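See structure below.
We call the chains A, B, C and D, going by the order they appear; numbering starts again at 1 in every chain.
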Amino acid sequence: MLRDWTKYRTTHPTGDLNKDHPEYKWAMAIDLDACTGCNACVVACYAENNLPVVGKKKFLHGQVMHWIRIERYWNDEDIDIPHQGAQFMPMLCQQCEAAPCETVCPVGATNHTPDGLNSQVYNRCIGSRYCSSNCPYKVRYFNWYNYPEQENAWPDPLPMQLNPDLTVRTKGIMEKCTFCVQRLYEAKSKARTEGRLVKDGEVTTACAQSCPTGAITFGNLVDPYSKVGKMWRQQRVDLSKDVQDKDRDGNPEGIRGYRVLEELRAYPSIMYLERVRDTQA
Amino acid sequence: MSTLRVLGLFNDFDAASDAIRELCSANLPTLNVDNITIKSPIEHPDVESLLGTRPAPTRRYTLIGAILGASLGFTFIASSQGNWFAQMKGGKPIIPFPPDFVLTYELMIMWGVYVTVLAFLVCAGLPARMKSSLYNSKISEDQIGVMVKAEKNCIDEVKKIFQRHNALKIEEEIVERRRRER
Amino acid sequence: MNDFNKEEKDIRDDIAWAQINKDVLQSIEKPRAAFWYLFAFAGTLFAIGVGCEIYQYQVGLGVANFDNPHMWGLYIASFIFWIGMSHSGTLLSAILHIIHADWRKPIYRFAEAMTTFSLMTAGLFVIVHLGRLWQVYYALPYPNERWAWPNFQSPLLWDATAIFTYLTSSMLFLYVGAIPDFAICRDNAEGWRKNFYTVLALGWMGTDRQWRNFRVSYMTIACFLIPLAVSVHSIVASDFAMSQQPGWHITSFPPYFVAGALYSGCAAIITLFIMLRHTFRFEEYMTMPILDKIARLTFAIAMVWTYLNFIEYASVWYGDDMFAKQVLIQKATGPYSPFWWAMNFLGSVLPFTLLFKKIRSNLTAMLIISLLLNLGMWLERWMIVAPTFSHGYYPWTIDHDQWPSFVQWGIVLGSFGWFGLLFMLFCKLVPSVSMYEVKEMVYHRTLGRKHLAQLREA
Amino acid sequence: MSNINRRDFLKVLGWGGASLTVAGCGYTSIESGVETVESYVQPQDFVVPGIGIYYASTCTQCEGGCGVHGRVREGRILKMEGSPETPNRGRLCGLGQASVQHHYNPDRLKEPLLRQGGTLQPTTWDNATALLVEKTKGVGDKFAFLTGPLSGHLRVLMQNYVESLGSKNHFIYDPLAIKVNRSVSEQMYGVAVPCYHIDQAQLVVSFGADFLDTWLSPVHFSTQYADFRKANDSKARGVLVQIEPKMTVTGANADRWIPIRPGTEGVFALGLANALLQDPAYIKNVPSSVTAAVRGYDKTRVSQETGVSGEVFDRLLALLRARTPSLILSGPSAEGHAHGAQNAAAIMLLNFVLGNVGKTVTAPAKVPFPQMAPADGDTVALNTFNEGLAQGRFQTVFMYDVNPVYTAPEFLKLRDNLKKAGFKVLFTHYRDETAEEADLVLPLDSALEDWGTHIAAYQPEGVTITMQQPLMERLYPEGTRSLGDLLLELLKRRSPEEYKKWPDYYSYLQDALTKNKSAFKDSAADDGLFWYQTLSHGVLNVAAVKEQHLSAAPGALNVNLPGTAASDQEFPFQLVPSIRSGFRDGRHANLPWMQETPDTMTTIVWDSWVEIHPKTAERMGIREGDILEISSKNGSVKTQAYLFPGIQPDTVAVPLGQGHEAMGRYAKGVGVNPFKILNPVFEKTTGELARYATRVKVSKTDDRVTVVKDEGWSPGMINTQLDRKIVATMAADKVKLFREE
């Protein structure tokens, strides 16, 4: 007890997934060896979630609104000639189980749902932006302008494309990746009317759906038969650990699963699989 | 036979305190020490001590206020957190102690201060109506007033004593029975 | 013993009480022309700020040139700065009151006023900074049909509570302390002012009963204010310390913030001291010896701040957390380095000039130094907020090129205007020197001298 | 029984010359409107407000021709998604998804425009069609039709129309054509477009073929790539080696990216062949003539000419020996040179040497309907068209699905030559550069409003005809028309006998397909049901397709590759006009999503840039954001510098697609157009424009801008992870393998 106070700090995640989330725990697995950085997911997100196109000037000021972004890093070793190509990273809200953004919101506009989502209540948000300040991944995007009305982000007839399943956000509120919550709700209510739980593969996010290489796997972690659940178990990544057992002894077996900035104890819900490069090549 | 009130204005505290001492020692029949009031431009504990200890009970209310603030504050916060359990937060308990402690602390101080001020006004009898009693604007400047309330018969005696201690000015007024006396 | 008379006194003890009334009341009636120049200047600044805010309100916060990751900027920095300013008042009136340092008496009134108004200014920044300031009431715990409450876990909410408490309490403290003076004004004013002060004075007549309760209550409130003030700035510090961002997540932040607050507060008092002394002809009351004392106090606090400042760097450096360390290095070498070094110089090196009597007794020098010290303190706040955003955990969003737009600067200037307006209005309506306490001061000095004379005879 | 004879009838319907038996000529007139298609005229019972329904169609954003599903709600098309029934497994690239923005684009043309007094004025469709008829009266060979790549029934009608006018001038132009590859494949493999099986290869060596982003059928190849990469205990993880002067997206994903001096790919390939052919195991794979031909390309010469170190060469060699089957691909950056065909031949030769032919390179099925077969464009077409214009041979010119004024290099002087044509008609969606030169501009239905049949040039399995059907009502019912309807109408005027039966393109298609339904796999007996299935599935798989055969031995290999060009003092750099998947040849520049989506390699948005190697930049004192002038013999462009490690030091790259002078609010005035400065270098054997053969000089101007990009940091800093574990990388031999679940 004296050595590890942390177990007294958090009550969630408890380590017992079924206790935290009896029915659903939406999670992802992203295979960085499959991701080619083609940006299909980014466009899919724009189309599904009514993201405004901000234009050059605002992009210059860093006010872009992409909920998922493809990052491109270079390897510091062979910086002159990147023999091993580039490093791509699809980064979106990690839907942390102990999200740093949730605790700091003064009005409780961002909360944890029973499905383990990190919800953002648009009409409650007053725009203090504390959540984003506290987000280690910086994946929250703020409406610096009134895109629908004042900035004319959707000149006619582009508004006809907007997805009626979710709102168009207005000035002064925070938004972020929702794991396409509108799709999840549709699937859940459908399942509920049929008196069952959502089956694996029945619902997926726009990004996972579009990904040409199928690098993104989305599903319900609680469901023992879900693909994503199997991958997490296979990769021995435990949602409620901040250091995975396999990594304690330097991961000798070569299991690729890991989570970004895991040591910050936010318990992200997205597992990445390490990019692979052949050393013979 | 009517009661009167006289106010004597003195140049400094020494004069005033001498006058008071003599008043007390003069054991006039209808003069009660509690009916002697000092009006001064600055607070002056020594002179006040001549009149014997008089109560200043504000602190008691302060304590009550602080306790109220703390207990009500915590109850309110905890209960509101409790009934909005949808507000599951980044792995924290629904009613987390550290933040609630901070808020309780603040509310304790808040109520402590408010009640103290309230108590002060009540105990000091403020706000008061000026007309109700003798006053002279010199008091707020540099002169010390000694006000005595007594039956008519010994008023003259009081005046004499005042003059003996070369009071600069002496005013008097009749106290109507009806009015609560101060 | 002999040098007792030679020593320069905080205040002449042969000054007549009537004179005190006259001088102070005159300040309310007809100040020097400088007052009006300053007033106009403050007005212009405020107008600029209002203009910028209207523009920002209409178009959106984007015009202030925030972005992801630069979510906060000068607004929050200035917010902390103003909260800090507010601490001086408490320091002088409450702490010095409790320890019976009576040289505070001529100057604590405006210091307290400063407290109140800088808190009001700070409050403005919270509102200005919000994305949807028209929804700010969501942060209040009011009962509603949705059973939705503010999130009591958020340090921002602690802020709100603490600041509200502090603001109201210090206002009450200020008012209660001024009641006897309102009575004086009432007895001397004519026309509308007469009625005005009559209301404010609550029929104060200086009876022993009133004085007695006054003494007790005033002391009690003072006792409350000290822990309150400390808690307020510790809580502001927790906005950062409680977050997990590199460069913010530092244990020593609360004391560091409090020290910085007192520091900037004292500096500000020096500034205003000199200004009031001039504009209201308070040479008699705001005397050089008092200035000298404040200067020394300032130096002492400056050293405390310096210490905590280096403690912070040291703990980051030896703590050897990669992220925090990178932020620190970035502060010293990155785009913010000029400001960071300026901050350290102004905060830690400049105060050493206060060691020299010559400088302490030179008004112009003191004015300039005090202003520079405050600049340094403002920079400190900025250096706490901005660099962490520009170099956080996540490498992709590390962005070293974001400069606050004119809107932010305009509103910051505006805040100084707003503060100036409030403060000067106050000086025009409320005696900025506490008359009755100056009288007490003089009285006790006289007694003291009598007593000494008696000792000599014996 | 119809009164036209069977041959004509088949020709009209597009089955002419079909190598498949076509159902008997029993012909019933169609009561049009009976089989209405779901989604508009009267909503079907399954159309529930608030619930999205999906309609199958075909994506026309690039030549890949992926099957798509469009999500429709309340009669509005909301989102494009891949169709699971086609080989791309329900995936769709960003460009494909952005087609909705073509449909809803605020800058779409809403009415026909006619040039009157020098300016384009709105006119009516009646006017327009009358003009079309009038201007084509008896034009004969003075008529020319310039189109983009075509397939399916639109191509049929197009050909029939051009023929009916008695003209032979149907030019099919594609600015990004990979004709060289096709003709060399023809020569080497015996088929123009073989099937590549990336998923079955253990090693893929690609000479600049950006198959993950822009080459042939990116989405399909990406799906294959996923399997190629996945390691399980049945199959080792495939290794990808990319050899190219400028890093493409595919290069960025390679295990080994090898920067090579542009144009020397052939030498490198021959070097590999030579080294391999020392080994008897490989000698038997090729005729001795080949072995002789490649002799002399030894390691030292190769590395000296290509600038690739011998060590890298050996590593690759070892890989080639170790991993079979492998797959060698030849891409544009290898083919876009005067000796491009030789490069391509040399590269493809490797597949023979390594014995990949028949394993990872297989023969595609033959499209049994010559009339409908995909007609892929080339740049020769533009040259001939341009000459024709220059000589004033053309009186009336029609243009469809092309923007030559934008894509033609400056040296062609196309803009001036176009003026010599009497009457220029453009069928288009935008008022683009060419529209500004045209006399009559006719707005077409968007791809989401129109009917059509498509046969993709690349057929991974069998032969598939994909259906294109409207996903919603016309946005501008009065304003836009379907090109199919137009051609049909014009054809009716020429030969009413043959075409009068079909009120519109829709009924024509329905009739044509229903007539021949026996040619397709498991098609329903009932016409109605067949048509219904066709539309709901969106794909028709041709039954019993003929397999083609690959030539056992490589075609005659006549290589005399030029040595390294003596370093050009005046123009020291080689220009790579790189292709952006979001823009292709610039036709998609007016899609806001494409403009806002960061370029994968540079993360730059809303602009052009020139990629230059940091070392080179350092040498020339260039910082990021400096405005550089890139000038060739034929013009120059000015754009911002971006320091990019993934490029060969003597090479600079400027992306294609930007720099529009017209077209719409999102495209106009954004960036620069490197098409313009290309030099008149042509591939020797095919006459294709050698796109990668332009030499340029780079000069620094005084201007500087902040590069608008998604990556953070300070300008010019190479973006690494700063010791954080963001993208972790594991060596392939360390990875634990899992059996696929």
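Quick note on the criterion: contacts are C-beta pairs under 8 Å (C-beta built on N, C-alpha and C of every residue); 3 or more make two chains touch, one makes a residue touch a chain.
Note that the structure is predicted; figures quoted are calculated from it, not measured.
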{"item": "By mean Cα position, the chain sitting nearest the middle", "value": "A"}
{"item": "Chains linked by the largest number of contacting C-beta pairs", "value": "A-D"}
{"item": "Whole-Å gap separating chain B and chain C, where each centre is the average of the chain's CA atoms", "value": "31"}
{"item": "Cα-centroid distance, chain A relative to chain C, in whole angstrom", "value": "44"}
{"item": "Separation of chain A from chain B, taking each centre as the mean of its C-alpha atoms, in whole Å", "value": "64"}
{"item": "Whole-Å gap separating chain B and chain D, where each centre is the average of the chain's CA atoms", "value": "93"}
{"item": "Contacts with 2+ other chains: residues of chain C", "value": "69, 148-149, 151, 153-154, 157, 393-397, 399"}
{"item": "Touching two or more other chains - residue numbers and ranges from chain A", "value": "62, 64, 69, 71, 73, 89, 100, 103, 108, 261"}
{"item": "Set of chain B residues in contact with two or more other chains", "value": "84, 87, 89, 92"}
{"item": "Arrangement of touching chains [line / ring / star / complete / other]", "value": "other"}
{"item": "Touching residues (chain side chain B, partner chain A) in the complex", "value": "84, 86-93"}
{"item": "Complex contacts: residues of chain A adjacent to chain D", "value": "32-34, 36-40, 42-44, 46-48, 53-56, 59-60, 62, 64, 66, 69-76, 79-89, 155-158, 160-164, 206, 209-215, 227, 230, 234, 253-256, 258, 260-261, 272, 274-281"}
{"item": "Sites on chain D touched by chain C in the complex", "value": "706, 711-715, 719-724, 726"}
{"item": "Chain B-touching residues of chain A, taken from the complex the two chains share", "value": "10-13, 96-103, 108, 111-113, 266-267"}
{"item": "For the chain B and chain C complex, residues of the former touching the latter", "value": "37-45, 47-48, 51, 54, 56, 58-59, 62, 76-77, 80-81, 83-84, 87, 89, 92, 96, 99-100, 102-103, 105-107, 109-110, 112-114, 116-117, 119-121, 123-130, 133, 135, 137, 139-142"}
